[in-house]
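Both of the next two complexes hold chain A, though its partner changes from chain B to chain C.
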Partner chain A sequence: MNTNTRKKKRVDQIVRSIFLASTLLSASFIIIIVIFIVMKGITPFITDNDGLGVVNIWTFLTGTVWLQGTAFQSNLYAVGFIIVNTLYIAFLSLLLSLPVGVLTALFIAKIAPKRLAEFLRTIVELLASIPSIVYGLFGSGIILTFVYNLAELFGVQSKGGNSVLATVLVLALMTLPTITAVSEVAIRSVRKDIEEGSLALGATRTQTNFKVVLASAKSGIFAAAILGIGRSLGEATAVSLVAGNAKSGPNLGLFDITTTLTSTMLQGLKETTGVDYDIRFSVGIVLMIVILLTNFILNAVKKRVGNVNVK
Partner chain B sequence: MSNKRKAIDIAYQAITYLASSVSLLALSMIVYFVWSNGSGLLNMDLLTKDYHAKYYNGEMVEVGDYSTTLRPSDLDDDIYYSEQYGIGLSDAKDREGNPIILVEYIASDSPMLKLADRNSEDIIALEEGMLISKVAFFDKATALRTFGAEYMVNELDSATDFREIVFTSLGGGIRGSIITTLYLIGMTMAMALPIGVFTAIYLNEFAKKNRITSTLRTLIDTLTGVPSIIYGLMGLAVFVPLTISVTPATSGNLISGSLTLAVILLPVIIKSTEESLKVVPDGLRQASLALGANETQTTFKVVLPSSIPGILTASLLGIGRVIGESAALIFAIGTAVKDDISIFGKSTSLAVHIWSMMTDEPANIELSSTIAIIILMIVLVLNITVKLLSKKFMKPMQ
Partner chain C sequence: MKKLLLLALAITSVGVLAACGGNSEEGFDTSKNITVYTRDTSSGTRDGFMNGIGFGEASADDSVLVDGFVTNDNTAILTAMTTDEYGIGYISLASLNNTVKGLSFDGVEPTVQNVINNTYGLKRPFNYVLRAPGDYDSPEAEAIANAFVAFLRTTDGSDVIMDQGAVALESSDTWDDIKADYEICNEDNSGVVIRFGGSDSIQKVAEALSAAFSPKCGDFVAEHDHTGSSDGFKRTQGSEKDGDNAKHVGFASRPFKDTEAGVEGTQGQLAWDAIVAIVHVNNDLDSVTAEDLKKIYSGEYTTWEDLLSE
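This part shows the complex of A and B:
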């Protein structure tokens, strides 16, 4: 080997190790996230919080009032009702966005003329690219007014429209494009021969679309629902603008004000030390666990629902 | 086909039409909403002005140096004109409905253009578009803004001098947030692009197919599912203390914000770059190696240039994400809207500026919508560019 080749080899080695270092760095962030949030988040449960006393983990997870007493003078935090609220809102919003999203996907993939399908696909892409803060702004400008008027129609005085219903509507709008896009891919990947078999047996196009295509795309549609739920659970800023920030609960009435794990974390962040600060990280841990568990359970359900010949 | 079957089919189809119209309706309502609320404020001034109103406290430099300009004939009837001082004032209401006095016109020889600042040695000028909150006199009661423009003009014209005039610049501009957003985009990209591209190259070109590699991949993929508020918590717990200890910063700052955003962008950049690396045919690599190039040369001169469209797409998507991100930045920087921007200090990106105003009492929907229009326009342009790019470049190579 001459010196030139050796030099080249050396450069190769250096460059390769830079690449490897970048990769290790990229991969380490998820570990950093978990370690730091857990470290901060368990502080309220294992230290005496500057004399306030340990936060009881059981009451924290099951309680129905966010904070009894004043901030920084009490250790009586609880997120039990907020967990219920968060899941309740996420599933209600899915109840709206899933049917609409799947039907839109079916329309784009199978029913609409090509031009119209392309146009709608662009619309869905645009909706997906709108940042959540704009949905939040739209929510507090339009949806709050709508909900307020609706509540009045039912003879209920809502707090300026801030409510479960408003939150559900905003989240449904936000998850609609994700669900539509993923469902469309699932519907389009349904094998042609299944469809043709149904048509050959005398079913109409529409019957085939609804009974055969949708059934065959079940697993993909389920995946879309899981993605949608994930986005609902983790969405923060838009929700915080329409939820109304309830201090106790659970809030199950459609016109009641509510709060979610994320909107609670965003509330009144002022100090950077003390239990009122650390507790946000605890809520963060709860949020991550809720998301992981929901994903896990839904994926298990998805497996049981089964695959019908979907690629 | 029976008629009944036909009717049912049509009903089913109608439902899908109805469902599809929801997306269209939603998009048009969002666009209509932000446009109808925000377009009124959309002009160049907004982009270049400060957000916070500045207060001025002035007095006459030289008593007797009055304006000689007569009332201009094109001045509207609802503008009250002070001949002695050469200013035209009108009544208006601010967002909360309080009365304000607006400076509509200033004559070129108005003494108000050269006022002595009572708080410093500077010479300050009243400008058109500013608000006068009060004029205090030596020998009579102060003319407050609540008494109206007509009263103030009459009082001014019947006095030879005044003790002080308090006026404010209107504020409400978003220059600071625009600069912050640009800083964030630049710094985030400078950090995320190299690391992301290098990671993608390593995973696609060098990594062996074994358990360690697939673990690394899983770890990186997991980042995609993390909600942005969790990234924000990480920024608050990791990057804020880190930047405070190594830079002059004393709180959340633009560097800690960019670091947080960089982590958010990493999986996007890695994915997109890898996609485009995958379509580079192996023949190219082998040809380059066979011609005597080493791995480094092959990677940087042969493989990487062919993946430029993918990296470009990733960058554009990344810029869109930086512009739209709010939850993570609320934690990693803070929500204080600033006019003087330093990378070691707090300030808000456009998206956080909206959040900050919407959580204020009362919420400023007009300015929020204006910023939303700007964000939507940028996001739209980015999206169209990405679409065109992928149409042009993302064909598999021959």
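This part shows the complex of A and C:
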């Protein structure tokens, strides 16, 4: 009996240390990555970049032209307009994907018959696992043509469809499955008694779904929005295929070409050297800060929105 | 409320349908703006193109280009020209196909024959760079790398280059004529790994060359890792020459920069790559001059009328 307990305890301890080790491993990778990017990204601001001179942080953060002068011979980089573009695009794509995603989730969780719900859930999971390059190819093959023709319909000559609108559409498509999946879980975990209470008081199903179920799940839906916006802020490949990669801005017109922080980092990354290479890591730092701040703000809002006892 | 929703739905669906099927049939409208497509400042093709049209200052400087240009890669520019009737871009001659219209340059058609006879002017060099003599992990690797470079200048080598859409320099010797000078190729080299890298524009050509040469030189193992022109020098004689990505033979699809001057005799040209300006098949334009292209890319011509009325 005694030895048995001791044995169990030892196994417990071993398992616990394995967990601790794997946690430390994954956590240290994040720290290593952050340190690496910060160290690389900070060099343009503290060294003289092989005689080009230090990059000015203020103009870097507020400027409206990516690079003034000749590449490799100029240090006049700026991402101010790109920060605006990135947030603008993420916001617009959320504006599209959040309502559609939440309504889909509501349908799957509450309205659809069991078989159909099961089927739809699988499809959503499948969509969520499609790699971004596939969305990018779909975007450059289908969405660009669609946007080009749409613009023509409005009498606007777009640049081959490369535009804010195309980027927003691709990102909305990409974030849709994430938002649907997460808000579906939130909606499903709304307690039955709240719902039944509403129905018992004479509310219709639709009234209950919108006024009680969605309201109770809003914290979870907000979490879905945060995940969705994270994905749109961080997407590079698909965006660079449809954005047109503008070099100055900000670009707010729906049919204007645009660029985001990630697609700027990706452009020519493999073919460049020196400060033109290091500066992409600085853009990476800016991106990390932007994502961190956005998440922070959204989380603060989420807390203020409050929730009705949802797991 | 319901009716309003239905109405909105109807309007959007009509809009979507119209947009999907709305490819206009009215022909080419010359009053439209020219949409300019370009590669990124770090691209070798861009360097070759801008220098080729006498607009060298734009090879790495976006601010001298016309406002509102689109930046994209080779394939994306090719696909864009199948959609955008009023666009103009440039790609490698090897990528040209009949989904777009390749423009004649200074009156010369963009064909391989015209590059060989040196009448087609819009082209860039394909260069190689070896490690410094003695700076190899084994003497076998050094001997094979040198034999490989000799092979590039044989008729056997140029056949392979031409097969890949690039244009080889003139050569007269066959490999059989010169192989006696390279004894290493008579040995069994199946245990020797030769690492190739540098320009990804040259990747297809380089892979075909190593695949053709390996059986002629003791079946050495060729490893290709092409990451861009800058890495060609960097990973053979530059800052990464002793790193994990070190290469035996590097390639660059542009002239070597001043900062990339290697040990004498380790660098040279193996072929030409021609660049071609492309437009949509509906475009009325068939031929451009260097001057036209420069005026388009600098923003002097903003509509197709400006160019076609000249």
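To be clear about the criterion, the second predicted complex is superposed on the first by the 281 of 311 C-alpha atoms of A that agree within 3 Å, B and C clash if a C-alpha of one lies under 4 Å from a C-alpha of the other, contacts with A are read in each partner's own complex, and residues count from 1 in each chain.
Here is the rule we go by: a contact is a pair of C-beta atoms (placed from the backbone, for glycine too) under 8 Å apart; a residue touches a chain by one contact, two chains touch by 3 or more.
All values derive from a computational prediction rather than experimental measurement.
Trainee: Looking at the combined model built on chain A, do chain B and chain C fit side by side or clash?
Mentor: These partners clash in the superposed model.
Trainee: Please work out whether A:11 is in contact with chain B alone, chain C alone, both, or neither, and reply first, second, both or neither.
Mentor: First partner only.
Trainee: Which partner does A:288 reach: the first (chain B), the second (chain C), both, or neither?
Mentor: first
Trainee: Report for A:129: first if it touches chain B alone, second if chain C alone, otherwise both or neither.
Mentor: Touch partner of A:129: chain B, not chain C.
Trainee: Determine, under the contact definition given at the top, whether A:47 touches first (chain B), second (chain C), both, or neither.
Mentor: neither
Trainee: Can A:173 be said to touch chain B (first), chain C (second), both, or neither?
Mentor: first
Trainee: Going by the contact rule set out at the top, does A:161 touch chain B (first), chain C (second), both, or neither?
Mentor: Second partner only, chain C.
Trainee: Which partner chains sit in contact with A:140 here, chain B, chain C, both or neither? Use first/second/both/neither.
Mentor: In the superposed model, A:140 contacts both chain B and chain C.
Trainee: Touch check for A:56: first (chain B), second (chain C), both, or neither?
Mentor: neither
Trainee: Once the structures are superposed on A, label A:66 by its partner contacts, choosing first (chain B), second (chain C), both or neither.
Mentor: Second partner only, chain C.
Trainee: More chain A residues touched by chain B or by chain C?
Mentor: B
Trainee: Chain C has the stretches 237-245, 255-263 or 291-299; which one runs into chain B?
Mentor: 237-245
Trainee: Could you pull out which residues of chain A sit against chain B in one structure and against chain C in the other?
Mentor: 140-141, 241, 272
Trainee: Which residues of chain A touch chain B once you look at their complex with the stated criterion?
Mentor: 8-9, 11-12, 15-16, 18-20, 22-33, 36-37, 39-40, 99-101, 103-104, 106-108, 111-112, 120, 123-127, 129-138, 140-142, 173, 176-177, 180, 204-207, 209-210, 230, 233-237, 240-241, 262, 265-266, 269, 272, 280-281, 284, 287-288, 291, 295
Trainee: Considering the complex alone, what residue numbers of chain C touch chain A?
Mentor: 15, 18-20, 22-24, 32-33, 35, 37, 40-44, 57, 60-63, 67-72, 76, 79-81, 83-84, 86-87, 200, 227-231, 234
Trainee: Where on chain A is chain C touching in the complex?
Mentor: 65-73, 140-141, 144-146, 148-150, 152-153, 157, 159-162, 241, 244-248, 256-257, 267-268, 270-273, 276
Trainee: Spell out the residues on chain B that touch chain A in their complex, using ranges where they run on.
Mentor: By the definition above, chain B touches chain A via 1, 5, 8-9, 12-13, 15-20, 22-24, 26-27, 29-30, 33-34, 37, 194-196, 198-199, 201-203, 206-207, 215-216, 219-220, 222-223, 225-231, 233-234, 237-238, 251, 263, 266, 270, 294-297, 299, 320, 323-327, 330-331, 351-352, 354-355, 358-359, 363, 365, 368-369, 372, 375-376, 379-380, 382-383.
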